[in-house]
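The structure is given below, and queries will be raised subsequently.
Each chain carries a letter (A, B, C and D) given by its place in the written order, and its residues are counted from 1.
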Amino acid sequence: MTAKRRSPYPYWFVLPAAVVFTVLFLVPTIASFWFSMTRWDLFQTEFIGWDNYRQFFKEPFLVQGLTNTLIYAVVTSGAKTILGLLLAVLLTSGILWQGFLRSVVFFPVLVSTIGVGITFAALMHPTKGAINIALSYVGIDGPSWLSDPTLALYSVAFIDIWKGVGLATLIYIAGLAAISPEYYEAARIDGATRSQQFWRVTVPLVQPATVTVVTLSLIGGLRSFDIIWATTKGGPGFASDVLASVIYKQYQAGFYGLATAGNVILFLLIAIIILPLTWWFNKREVDL
Amino acid sequence: MKLIPSAALLSAFIVASGMAQAETTLSVLIDNNPETIAAFDALTAAYTAANPDVTFDIEQRAGGAEGDNLVKTRLATGEMADVFAYNSGSLFQALNPSETLADLSDIQGNVIDSFKPVVTSPDGVVRGIPFGAAMGGGIYYNRKIYEELGLSVPKTWAEFMANNEKIKAAGKVAVAQTYGDTWTSQLFVLADFYNVQSAVPNFAADYTANAIKYATTPAAVQGFQNLEDVFKGGYLNEDFGVAKFDEGMRMVALGEAAHYPMLTFGIGTVKQNYPDNVNDIGFFAQPGTDAAKNGLTVWMPMAAYVPATSPNLEEAKKFLSFVASVEGCNTMIGAIGATGPYLIEGCELPTDVPASVADMLPYFQTEGMTAPALEFLSPIKGPALEQITVEVGSGIRPAAEAAALYDQDVEKQAKQLGLPNW
Amino acid sequence: MTSRQRNTGIIAFLAAFIIFILPFVFTFFMAVKSRQEAALFLFTWPSEWHFWSNLVEVVQARNYMLLLAYFNSTIITVGAVALLVIFGAMVGYVLQRRPSGWNKLIYAGVLMGLMVPPAVVPTIWVLQGLGLFKTIHGMILIQVAYGLAFSVLLYRSFIATIPRDLDEAAIIDGAKPWAIFFKVILPLLKPVTVTLILVQSIAIFNDFTNPLYYLPGRENVTVQLTLFNFQSQFQSQFNLLFMNILLVTIPPLIVFVIFNRQIVAGMTAGAVKG
Amino acid sequence: MTSVKLKSVKKSFGAVDIIKGIDLTIEDGEFCVFVGPSGCGKSTLLRIISGLEEATEGTIEIDGRDVTGEEPSKRGIAMVFQSYALYPHLTVRENVGFGLSLAKLPKDVIRQKVDAAAEALQLTHLLDRKPKALSGGQRQRVAIGRAMVRDPKVFLLDEPLSNLDAALRAQMRIELTDLHRKLGATMIYVTHDQVEAMTMADKIVVLNSGRIEQVGSPMDLYNNPVSPFVAGFIGSPKMNLYDGPVAAAQGCKTYGIRPEHVVLSATNGTWKGSVRHVEHLGADTVVYLVVPEMGEIVVRVSGDFKAAHGDILWASPVAGREFRFN
C-alpha cells in the first residue's frame, strides 16, 4: 500500500488558534478549579477544599444575586428578541428614511459601555435627570431610577436593552432578508392578513435568527457586568447585584480563591441554562 | 540611526563622568484624587530641583476598591512602581507587608510615633511614612444655617436630631447623604467609633480576637441606628441615592443642606470649587449619648511605601525621607493647604486655616479627645460595609439586622488574614 | 413609497430621535459645558460653549495620555483583529471541511469560549509565567483567545456556503493546503470578514475590563481606561468625562461609517445560517 | 499511450459500499462515458480516478503508472466540475492560469498558454471578466479552458452539461466532441443522460449500484444489452420490459421490446389494446397502448400516424428485435 495522502485540510491549521486558546483560556479556566479550592491572596495559596463554595453559598446575597442574574438575563434577552424582531420588520418594510433609522438603532452598539453607563446615570438622576424632568411636565413624579431598590435592576436592564437591541435588530434584518418574498406572495394570495403573515410566515421562518439572538443575548445577560458596574455597582445595597458583580466584589476585596469559586459557579449556571437550550433548538431545527 | 543615540550617550557620559551619580527615574503610583496629584507634583518638583539627577514618572490609579485591587495585583506580580501611596491601617495589612514592602524604619526620624503602628507589619517593622494630613471623621455643618436658625453645635446625638428637626421645619435639607459614592455612606458608622470605644474600651482588641460582635454590642449598633434614624426622620436630600461626594460638599458649603457627615479632607474640594464658601463650613465630631464624653474619631493619613522588589530602593528611600521631613511637609501645605495636622514633628500648620479645620484642631490638642478609627486598631474591615450602610441609610434594612450582617461579612476577611479564633 | 410607509417613517424617526439620538445630544451638550454647569446634569443648551478648551484639556490631560491611549488601543485592536480573522477562518475552515472526531473537541472549545467567563486571576498567573503580563502583545493574544469562539462560528457557517468544488478544482490545479486556503478560500470570505472586523474591533476597542487587569501601567493605557482620568473617587469633572466619551466614540463611528453597507450582507451570509 | 486502468477498485464509506469492485481499462484517446442512475457510484469512480477520493481497495494506473497514492495534481489529469468551480474572485484569465501560476511557470508562458486556450474556446474577449459576468455556456467554456491549459493526459468531466439549457446542451455536445477529436486526449465523462452517452462516447460504461453492468460502444449497448437494466437505460423512449406471465409465455424471466420495434395495425397483430395517449413529436409519434394481458406498451411510429384516445389497435413485435433476459 502506498502511504496515505495528506488531507487538504490539515490539522495544523487549527494549531495556532488552539495554542493561544489553550494557554490563555483553557489553562486558566482549568486552573481556576484548583484555585477555587484554595485560600489565595496572590502571595500564598492554601488548600481548603470546598470551603470557598460553602462560603459562597452562605453569602446572604447570593440567593438574591442568583435571582437577579436570572431576572436580568431573561428580561434583557426577552426584550432584545421581541423588540429586535419588531424593529427588524419595521425597518425592512420600506418606510421613509429606513437606512438612516437602521444606523440610528445600531449606533448604541458601538459606543463604549462605560460611556453609556455614565450618560444614563446622568439622565436617570432622580431630581436633575432629563427623564424625570420630562415626566414632571406631564405631571408624573418620576422615581429614583437607579437608587430605588425595587427599580434599580430593571433600570439597568433597560440601559442594556437600549444598547443591545441594535445588534438583535441587525441579526433579524439579516434573517428576514434570507426569507424568500415568494412566501409572502403565496400567503397574500391565500388571503393572509398582515398579522397572519407575521405570525405564520415571518416568525417560523426567521427562527435561525431567533436562535442566534436568544442564545447570544442570554449568555451576555448571564455574564453581564460592565453596564451594571458603570451605573449602580450592584446597589443600592445589594439590590441590583448579579452573580458577576458579587464575584467582582469578592475579587476586589482580595478574596481571590472565593472569587474564583464564584467564577466556577457562574460557569456552571450558564452551562445548565445554555446547553439544554442549544440542544432543544438544534432538535427543533432538524424537525423543520 | 543607531549611531546617534550612542554618540549622544557617549557625550552625556563624558559630561556626567564628573558627577558621582547616574541618572535615576523613579516610577510613582498614586491615586487620582486631584489633591494627591497636586501634592505629589509639588513634592517631586521640589526634589528634582534639589537633586537634578532624579526624575519621576508619575502614574495614577483609580481610588476605592478598584484601586485596592490594582495595588494588590501589582504588588503580588512584582509590577509595582518604585514609590506608591496607599492607605495605612487595615488596608495596609492586607498587602502582606512583611513580604512585599521594603523596611523604612531608618527614615522615621521626623514621624510622630502615633503614626508608626498603622504602617507596621506583623513582624514589627515600620514600612511606610505618612503622606498627607490626619483627618477627623465627623459632621460638616453650614454655619449660615446655624446662625439663621439660632442653632448651637450639638454635643449629643439627641441634640443633633433636635437640630435636624428644626432645620427640617424651616424647609431645608437637614442632612446631605451621597450614596452615589457608596463609601461616603459609612461615615455615621465609622465616625462613631470614638463613642463605641468610650463605652466599650476594649472593643478593638476583643473584636479582632472574635470575642465581641457588632450586633451584640449596643454601642456599636448605635452607628447603624444613627443612619436609620436620619433616614426615617426624612432629613435627607431628595437625590441621596445617586448624589456624589463632591455634591455633598457643595450642598453643605452653599447651604443647600445643613449637615454632611464626612472626613475632614473634604474641605479641599470646597477650596477648589467654591473658594468663597470655605469659611461657611464648620465641623464637629459625631456626637454620642453623653455630652461629657464628646470626642473625635481620627483617620491616619495615607502612607507612602516602597515595594521590596524595587530596583531603585535606595533612591526611593531618599525621596521618601524628604517627603517625611519638615521641608517636605511644608511643600505639601504650600501645594494643597492644610486640611488637618501633619504627622511630622516640627511641621506647623499655617495660622489662616479654614474654619472647619480650626474647629477640628482643639480635639487634637486635648488628651483623650480623639480615638483612632477602628481600621487603624484592627486589621479587619468587612468589604461589604459600604453596601450595608447604603441599605440602612436608604431604609432597606433595619440597623440591628445590618449589624448582624456586617459581623458575617467581617468573618471572611478575618479568615483570609488567617487570624486566630475565627 | 406609499403614504403609509412615509407616515410610519416619520413616526419611527421621531421615536428614534427621542430614544436613541437625544442621549447622544445630551453627551455632546455635557461635553461642551463648563465644569460647574456640567455638574448640574441638566439637559439644557450650554450657556457657554467650551468645546475647544474642553477638547484641548482632555487631550493634554496627564501628558497627552489620550493620544498614547489611541495609539495603544489601535495597535491592540488591529493586531488582535488581524489574528482573529486568520486564526478564526483557518479553524472554521478545517472544522467545516473535515468531519472527524476532533471536531467534537473543537466544538466543545468553541462553546466554552462563548459561555465561560474568563478566570481573571489565574490568567494573570499564566501571563506572568510567560512574561506576557503587562505587554501589548500579551493583551493582543488575550483578546484573540476571548474572541476566537465567535470568529470560528461565524466563519464555519459561512464556509459551509462555499462549494467544495472550488477546493477540489484548486487541488487538481496543484494547490497545496495553504494555497487553497489563502488564495481561494480566504478571498471569498470577504463579506463575513467585514462583519467580523466590525464586531470584534468595536468590542476590543471598547473593552474596559481586560486591559484594566492584564495591561496595567501608564505607558500601556488604553482608550477606555482614560475615562478613569476624569472619574476620580473624589471629584468628577463631568464636562471632561463626557468630552472623553465623545472622543472615544469617534473611532468606532468611523469604522461604522466605512462598513455600514456591508454589515447586513455579512450577517446574512454568516451568523444566521449557523 | 495514455490508458487508464482500474484494478478491483472498491470504495466504502463506513459500512456502505459505494463501489463494489471495478476492473476497467480505458484506452488512449478514448471518449469514455460513465452512465447510470444517480447514486450508482459513477461520480465517486471519477473522483477516485482524479485522486480527490481515495479507493478503499484496488489500484489505479494512468499511462501505465500506478497513481493510487498520488496527489491529484501529479496524476496528469484535469477535471471539469458540474458547477464549473470557477474562482469567483479571479478573472477569467486568472482562473484559467491558476494552476500554471501555482506551478510557478514564467508569466509570459502562462500568458501564452492562456491566450491559446482562450482562442480555441472563443473566450479571448472575456478574459478580463469575473465569472459572475459570464453566461452559463461561457462559464462552461472557461472551465474547459482551465482544464486544457494543464495539457492533461486525461480529462475528467463530471456532468459538465447538466446546468445548461437544452439547446445549449446540444450545441456543447458537438463542441466537446470536436474538442476531443482535436486534442486526441483521453476523456472520461460522467452523466446520467443516456443521450449524451450515446451521442458522444466511444465507450460507454453502464454502472448500477457500484458495479459495472456493461461496457461497450453505444451501438453495442443498444443492440446487445446484457441485462434489463442496460436495456432500459439506453434508448428513448425506454424499452418496454415485462416480467411475470408475459415473460413466462416467452420462456424467459424478462421480456423486452423497444418502442421503435413494434408495429401497429388497425386490424390484426399479436396484442390488442386501446390507445390511452398519443404524443406527436413531429417526425415521430409515440403511442401509449393499454393491452389487458400485459399492461401498457409504448410504440414509436412515424410522424404521420393517426390515432386518438380510445382507438382499438393491434401491436406486433418486429421479429429478431425482441430481447429475452434470464
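Here is the rule we use: a contact is a pair of C-beta atoms (placed from the backbone, for glycine too) under 8 Å apart; a residue touches a chain by one contact, two chains touch by 3 or more.
Please read all numbers here as calculations on a predicted model, not as lab measurements.
When the partners of chain A are compared with those of chain B, the chains appearing in both lists are C.
With A-C and B-C as the two chain pairs, more C-beta contacts join A-C. Greatest Cα centroid separation from chain D: this falls to B. Centre to centre, using the average C-alpha position, chain A and chain C are separated by 16 Å. Per-chain Cα centroids separate chain B from chain C by 39 Å.
Note on chain placement: the centre of chain A and the centre of chain D lie 56 Å apart, centres being C-alpha means. Between the CA-based centres of chain B and chain D the separation comes to 91 Å, rounded to the whole angstrom. Of all residues in chain A, those that touch two or more other chains are 42, 125, 128, 251.
Residue positions 171 of chain C each touch two or more of the other chains. In chain B, the residues that reach two or more other chains under the touch definition are 73, 77. Per the touch definition, chain A reaches chain C in the complex via residues 6-11, 13-14, 16-18, 20-21, 23-29, 31-32, 35, 40, 42, 90, 93-98, 100-101, 103-116, 118-120, 122-123, 125, 128-130, 133, 162, 170-171, 173-175, 177-178, 208-209, 211-212, 219, 223, 225-226, 244, 251, 256, 259-260, 263, 266-267, 270-271, 274-275, 278. Listed in rising order, the residues of chain C touching chain D in the complex are 163, 165-166, 168-175, 179, 183-184, 187-188, 190.
Considering their complex, residues 1, 5-6, 8-10, 12-13, 16, 19-24, 26-27, 30, 40-43, 83, 87-88, 90-91, 93-95, 97-98, 102, 106, 109, 111-123, 125-127, 130, 141-142, 144-146, 148, 152, 167, 171, 177, 180-181, 202, 206, 208-209, 223-224, 227, 231, 238, 241-242, 245, 248-249, 252-253, 255-256, 260, 263-264, 267-268, 271-274 of chain C touch chain A.
Looking at the complex, you find that chain B touches chain C at residues 31-35, 57, 59-60, 62-64, 67, 70, 73-74, 77, 79, 181, 183, 244-247, 250, 269, 272-273. Residues of chain B touching chain A in their complex: 65-66, 68-69, 72-73, 76-77, 94, 96, 99-100, 179-180, 182, 238-242, 383-384, 387-388, 390-391, 394, 396-397, 405, 408, 412-413, 415-416, 418.
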